[in-house]
């Protein structure tokens, strides 16, 4: 019963198989190999247009380097207060952007709104040197709360960003999970909705270290390869990042993996609700935040389940656990089994 | 006939096998898994003492973060003018150290000398704020010229570094190759000779992305995990870096790989010399810089050999190619075959 | 009627006179002159102990370099959300600290509390690499709201900082104003209450560009001269910063200037209250935030008064302007005249 | 007999007088005052075109921020090996440019040549990510050797810079001294010869802290005010920088000051030569590097002269001191007196 995190899983079979397959022989180093070229082309196909794509190997690198490509002196990056770039990257964005400031915006369901964004940006009027200057807006799709921005919500945020002439970044660490839920195309969820640069995450969804920074504005990408190298993020045997992605895209492995993870999350959520429980947020991707009795949590741990208590502090009152309740965080992945889901719900029921 | 670079090879069989082996099941993320612990312990064993070891995935990250751990404002890092940190890392060391300066020191055979180092450091007297301050000395073992520092040479450089109270860093991108040549222990070649921090390279010698920063002074390592994370170099599925190293160390795979590469390089050098040719530098590891007739180079390329012309500029007159000669760079690895070596020498001979 | 800001004033007569006096002849450059030595000694006297003092010329430099002296990778600096370092220094602290994060803490009266600080720091537990690590606590004395921390309040904040082993920085841009109000010694208000490093501001109080970074912990100051020079903040003709401070300290000019400014602010506040008005915060230094009728504001502007509307957004409901009211910001200085105060109150009364 | 440095002098009378004159009354802060506007306009006049000008207060700030305006990731800045930015700014350029690398170019007479520059830049081919990328070329006018680039030399260097599409920066710490020697216009010596951005120095020539960064390409200046503020280099009472420049430009004080300094230097050089001595480099501005007998140096010091021994190391053999000779460095300024020059030559003669 491992629901600790999607990054506790290993690599999906298709990914591992591709790694093995592409291991034989020699290949040019530093991303100049034919496989890297081929997978880069694949991104054009996936996004139905020419993109500038760069492979890196960690999500922090993808996010921070993407933001660095739009860095300005005294620049301010706007995102939800709970965004990964805000709280989980140990100042990597601040460092890579030469001292950028991350302005956090509160918002229900882990999402920022055009209004919240507009107000936050209003504190940084154009031309007032003291406060710094607006630089980027970043949204996470799916969010840290396991929710999803609709295409309309993305477009509306873009409008607000555009009003201040700043680009829109999407942290797609769980891009595929969101995509499957929305049932739209990658193009719909990104550039057609106004996204300028995407951190395309594959690690959490079945690779072991493969992320891509995808620029829909080639001009902004102009010096990105130097940013990546300056950050120590250009791999000599870069073909192995491409190899992972080859397996990832093969037979739509990525969509199947995300679909499975989402399905497992949905079953968990349904099971919780069927037992009269609730979740802190709607379960729209592969994260579930059930609010359970503490004794249920204890029973789960006793049964060997891996899952974490989520800090109640910060949860708005309508969703916060009350009395003897506790909020947990569970994450599913391609590796989550139906057996584990069933086992989880059984323990839950017994400890109700 | 691929002699382009050791990073054109894939992963050694033992490494790929370990990757597959450790893929099953779940493991805690971000380097908190048991395998990472076990491989970290292995470093204590290899170096015959307690060390503080941190895994990263690129050599630039290893070097730059190691240097960042000793960064000082206005700090100057001393190394050979041809060192990788000087010319091949796109300012990653400068960036990670908050604007460090890399002072290059000329030196025969790709090596710095205590005298050269002392003179270079003399330009930065203690307490003269204008010039900056001495921060670190870095040597490459093996060097970019394919040569090796003897233990006495390392110790002598350390003495000079110690006279200015700066630590000694070793860029061990080709650590195993040097180790095999010297026939000493890892401890001998590092802390016993005065090395304070080591970039332990495994990528070029058969991993696909595995490097370790090894501190022999735990105090200096105190905040390294934050430096690594701030740089975006902490992997979520970090067990796969450890897995590579598990395969790398298994049955002394690493020493066998380096031994083979060195042996292939030696055969190439012997073959060149047997045909009356010469190499720019002594062949002490897995790099060969033969000086050939240009027609030989052309014949090799025509035969499909992968190898590069090395810029004559910068070579001292006694080793520089003359007339119709050209200096080439060839690198061997675990993947270099005897057949390729034989084929190379045959073409050479035919085009003599 | 100029109440725009204390930095709209020029230099106090004693300061200008000292500049002229110390202009004659030659003096060693870069802070190695006898006058700099003498004024540095003066700081020992003022603070009743050995201090390490460094002169700079802007408040942003003083604050940011002081914080940089305690920078850590992934470091988080805690201060009030309205602190100058948070909102008015265009990421200078973030930049100088290599990507530090500034965590803002809400708090009544422009002050943070031990509880608020403790909660904010709790989000960054020791050893959790993802969030970063606690680095510094910074308080402003006087605050941006024109209020003053009592010695007990400072000591209590220090206790909380000490519980996480982080140093306490004081932004003393209006140090003298606070000192005069408290009627204590500089030692009382700083190291005796637990301050580790002080930005000693003199510019706003009668110099034209003179600030001092004062370390009460000499060890922390060890590399500060390199930080200052690396930031471009070491002046060649540094004696002129010292000269300003010579005039500043002469005959307690600084205390008289601050006393006058505080007195003018008090009269303004009294006048407002006597007319039935109120101020957003207690007037404890040289800033007044009166809440007036908008027609009064218009009358003042018509009469040529310089003063600014203060954003109501962010003011808690009990102090925010209501209906046709507006919150203004007025700052007094050594240059504020009684005539201007009288004139202001007269306009106010007429437009009541 | 003070020839230690031009920054040992105080402020010229006209400058001090302007400081006093502009001290009265209030003025808007942070460079928004009318005087700053007026002096900015003056720069348009001086340079016979629209320029974007920003005041700072140290030469390191001017140089480093100017270079930062053209920073690129992995960027390399090319200058003479002895340039101030290379050896006397404690990595301020490296820091402000986010880890820029300073490539030093050797060259006779303290000057780089188009050939030397071209060769240095050739080590950084476009598109080779490993080495970094060319970013800026910087020349010093006058040079650290007290020599002057001719207009033709500047134009030729510009051609080489243009061939790689990088801008040309001029460190004009001794701009006026060079200008007076060349007898050309400021426009001739800068943008008409191809300079893109100028550090216009006034501190060494009679101000106490006044430098201007002058962009001839307004687009490149677009975010400079944020760079300046982020570096802590925007002064609140900025009118005092403008005030210094008001005095500096008044009645061509600046040209007279530089003319006097140059004249004093010329007399020193003539006197040395008349006594059979020589200087290491041609004396074209306000620096003299006489090569004297050591006993002459000792006699000068005994007589109270302030001047420094210049490191012989690094001097090419044709100009290096031989036998009992020593190379000294002497700098003149507006404050150098004819009496001191005469006294110097007298001591020299007596100790011959």
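Letters A, B, C and D mark the chains in the order given here, with residues in each chain numbered from 1 onward.
Everything that follows uses one rule, which is that contacts are C-beta pairs under 8 Å (C-beta built on N, C-alpha and C of every residue); 3 or more make two chains touch, one makes a residue touch a chain.
Everything numeric here is computed off the predicted structure, so don't read it as measured data.
Set against the Cα centre of subunit C, the chain with the most distant centre is B. By count of C-beta pairs in contact, C-D exceeds the other of the chain pairs B-D and C-D.
Taking each chain's centre as the average of its CA atoms, subunit B and subunit C sit 50 Å apart.
As a whole-number value, the distance joining the C-alpha centres of subunit B and subunit D reads 41 Å. Here the spacing of subunit C and subunit D, counted between their Cα centres, is 35 Å.
Counting only residues that touch two or more partner chains, subunit D has 30, 73-74, 89-92, 95-96, 98-99, 129-130, 132, 226, 229-230, 234.
Considering their complex, residues 73-76, 87-92, 94-102, 123, 129-132 of subunit C touch subunit A.
Listing the residues of subunit B that touch subunit A in their complex gives 2, 4-5, 7-11, 16, 19-20, 22-30, 56-61, 64-65, 89-92, 95-96, 203-204, 208-209, 226, 229-237, 239-240, 306, 335. Residues of subunit A that touch subunit D in their complex: 30, 68, 72-74, 98-99, 129-130, 132-133, 223, 225-227, 229-230, 234.
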